[in-house]
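Data block below; observations after.
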Amino acid sequence: MTDTIAIDVRKAVKRYGDFTALQPISLSIHDNEFFTLLGPSGCGKTTLLRMIAGFEDVTEGEIFLFGDEIKTLPPHKRPVNTVFQNYALFPHLTILQNVMFGVEMQGKPKSEAKARAGEMLELVQLSQFAHRKPSQLSGGQQQRVALARALAPQPKVLLLDEPLSALDLKLRQAMRFELKEIQRETGITFIFVTHDQEEALTMSDRIAVMSAGRLQQLGNAQDIYERPHNMFVADFIGETNLLEVSVDAIQDKRAICHLGGGHELTCDAVDNIGIGSKVHMSLRPERLFLSDDPTESESLAGTIRENIFVGTDIQTLVTLENGPQMTIRTSNSDRGNKRIFEPGTPVYVNMEMGAGRLLVD
Amino acid sequence: MASSKNDVRHYTGFFPITVLCLVILYAPLLVVTIYSLNDSNSITNWEGISFRWYVDVFTGPESDKFKTAAWNSFTIALMASVMATTIATLAATAMVRGGSFRGRGLSLGLISLPLMVPEIVTAVATLIFFSMIDFTRGYLTILVAHTAFCIPFAYLPISARMQGIDDNFEQAAMDLYASKRQAFTKILLPLMAPGIVSGLLLAFIVSLDDFIITNFVKGAGVETLPTAIFGSVKQGIKPNIMAISTMLLGFSIVLVTISFLISKSDNTK
Amino acid sequence: MAAGASSGGSAKSDTYAEARNWLLLPSWIVIGIFVLIPVILMLIYSFLTKEFRGGVIWEFSLAAYDQFFFDRGLFGDSPPVIEWTYINIFWRSIWQAGLATLLSLAIGFPTAYFIATRPEKIRPAWVFLITIPYWVNLLIRTVSMKFLLRDQGPLNDFLLSIGVISDPIHIVNTNFAVQLGLFYSYLPFMVLPIYASVERYNFALSEAAADLYATKWVTLRRVLLPAVKPGVIAGCILVFVPSLGSFLAPDLLGGARNFMIGSLIEEQFKGNAGNWPFGAAASMILLSMVLVILMIFARQQAKANKGDA
């Protein structure tokens, strides 16, 4: 990643009639970056991608590509290429012709297009299929052709619209590494759209979490997982316990809170928090553990309700005394040293330092 | 047919009715084909197989009339169907790829107008039109009328086909530096080809088939095959008519079969 | 449509939106000038005065409609009484078209149903088999039908030779021949929409009915038929409407006694006996009937579609 800005989105807005698909959004994507737009369907991520590609008009605001304003350029004049969700490989052309298409349309001679397409097919290891039609290839192979086709004209930025969503799980996981590898090799900025948080967390340099047409949080994988800014991000990324708490006092940048049933908890204070305000606290289940006795750190008394075996973990549901229910995940390793609490057993839920995170909205 | 009487889909008696339906549909065509091979001057008595009436069509006393009529029919059908298909392809592009716009419903109504108005009414209206502008009725008036009423027949398969093509393909082309025009000619048109060909064949057959409108707008002296055959049949069915009919029948079946086979080949998958 | 935009493929593609007027222009011009304007002219002509050797005099007159509905005696000065001649021709046309539609339904429904319950792979071949004759020239088909049904024709020969009948049966020039001809002309229009709706029908509903003790015929009447009703109505309209204004089948198979609207209109424009305003008026009445039927139908379809959603 360099300091050069590849794509600069400034207060871009997209409206369809009365409906606002994208609220004013500003983003700077660096050259060489693997940047992901993550969010549930309808959050505006694909709309933003299509605005960058030129398929959707920009209602308000600007989009710059390496310093040049591009929002008025038609798609075929933008040095940006897209890998489409369903690949959109031209069914009447061979694989080679598909990959040559963009280079030819740039006005380059056929020989050059052919050479370039050959290289790209080499890169995605599909040279032997050059003369087949797209329908004769498997889904994973088609996906790689789509990638080769979009890379062949040497775009300044590559846009990927949920490119892995049509593949089965195993292939999807393999393709993650391959994509990341190709991004590193080519040094092209990738803007990747997905609703799959695992994909986003494993591949991206930075992630923009979006919801309801708004940017919710921008940061690297650890940032958004460990330090979610709001309820939506905490809830959407990974699994969490969201407890309603009210803030009693703030001492030494620690907020002292209590939740239903009189339980007391402290955690790092965040900005703009008022004494007495009702807020939420996020507690990741894997950062909680159970014991017979309270520990020195934070402990909440409760009763085991149920144990659920989920393979890698054991998920335990605990009902706090006069309070809400919580989920605790215990790794399913080193079993000999761990105690499985039977339902009905009174226990204490303990938390690691810094496990709790206050969320303002 | 159905393996089990317990199958809820199976209704006893439906199969025989289907067979009856096919018999009614094919018997007349079969009978005419067989009797066109009759080596007799009468259409009633069977006197063995011969091709004499086929020879008669090309060399007999009426051969010049039918040759001219056939020439008119085929050239009109060819030109009318090509023009109608071109117009329909452009219209379908606007209707299917033009977004939603005011007047879309009106345009669709206008395009399908020739399908909604009974043929005899269109025939009367066209006759009145040409007589009012004092245009001499003949070859040209037939051609124009055929072009107009063939448009919806060409439009239907073409627009159906276009609706089946994901617009991602054109977007991908434009993303890869193709202009709109290039995306149309290099991507959309090749993908549309089967729809366009079946639209063309349909329009061709419809034009070749038409009797009523042609009968009204043809004027004196210009005949197409259907009007020539009709004129001849008014004096009674003659063996040479059966030979012509059989040839035309075979021709239509070949065209429709080609159209069917093309529509089955789907190059978008 | 806003929802579609975020999921990639927009509901309605607008790639060529800015060119759409140019793309539509040729069809507007050709159909507008050669179909729409002529129909409007025809409406005007129906209110003009007739010229005796065909054509019109540009003078407003209600004579055409008056002649259609009223009889004012030989010299036109008797008190008007209702003229039944033309109303009867229209009535007979409706009747004939209606019977032809019923015949098409009686044979077309079982056929369509049978095809729709074949294995998916061979269905297109069946549909093709049913539609081929439709693509054969209508005139040739009608002539072939006449040839087959003649008194000395192959059908009578066959029936006589196997001894089912002792004298040829007269079919040509009867109402039944016209109905058969109309059936033959438009059968695919009945089969295809019914086929389409049976194909979409969920047969689990029939199984549920059978499971709840309904016999097959009760299931047909109370479960299947209501579900495929839109297809049946569409089929009936698509056969009825063109039958109403047809010319060839009544003319060739019906003879002079079985005159229908088509022949009445045709007569007004052929030769010197013609009366153009009267022909235009008869055409307008036919067109109005058809448009009313199509409008009712369109409203019904819209309602049915709403019910589905």
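Descriptive notes on the structure:
Every chain is named by a letter (A, B and C) in the order it is written, and numbering of its residues begins at 1.
By our rule, contacts are C-beta pairs under 8 Å (C-beta built on N, C-alpha and C of every residue); 3 or more make two chains touch, one makes a residue touch a chain.
Just so it is clear, the model here is predicted, and its values are computed rather than measured.
Counting steps between touching chains, the shortest path from subunit A to subunit B takes 1.
The leading chain pair by number of C-beta pairs in contact is B-C. For this pair, subunit A with subunit B, the centres built from the Cα atoms lie 56 Å apart. Our note on geometry: subunit A versus subunit C, Cα centroid distance of 59 Å, whole angstroms.
In this assembly, the C-alpha centroid of subunit B lies 17 Å from the C-alpha centroid of subunit C. In subunit B, the residues touching two or more other chains are 166, 168, 171, 180.
Shared contact sites, meaning residues of subunit C that touch two or more other chains, fall at 1, 8.
Chain contacts: subunit A has residues 84-85 touching two or more partner chains. Residues 53-55, 74-77, 80-82, 84-86, 88-92, 101-102, 105-106, 135, 149-150, 153 of subunit A touch subunit B in their complex. Residues 166, 168-169, 171-180, 182, 187, 190-191, 267-269 of subunit B touch subunit A in their complex.
Within the complex formed with subunit B, the subunit C residues making contact are 1, 8-10, 12-17, 19-24, 26-28, 30-32, 34-39, 41-42, 45, 55, 107-108, 110-111, 113-115, 117, 124, 128-133, 135-141, 143-148, 152-155, 180, 183-184, 187, 203, 206-207, 209-210, 216, 219-220, 241-242, 244-248, 252, 261-262, 265-266, 269, 276, 279-280, 283, 286-287, 290-291, 294.
Partner subunit C is touched in their complex by these residues of subunit B: 1-2, 8-11, 13-15, 17-18, 20-22, 24-29, 31-32, 35, 43-44, 86-88, 90-91, 93-101, 107, 110-111, 113-114, 116-122, 124-129, 131-132, 144-145, 147-149, 151, 155, 166-168, 170-171, 180, 183-184, 205, 208-209, 211-212, 215-216, 225-226, 229-230, 233, 237, 241-242, 245, 248-249, 252-253, 255-257, 260, 264.
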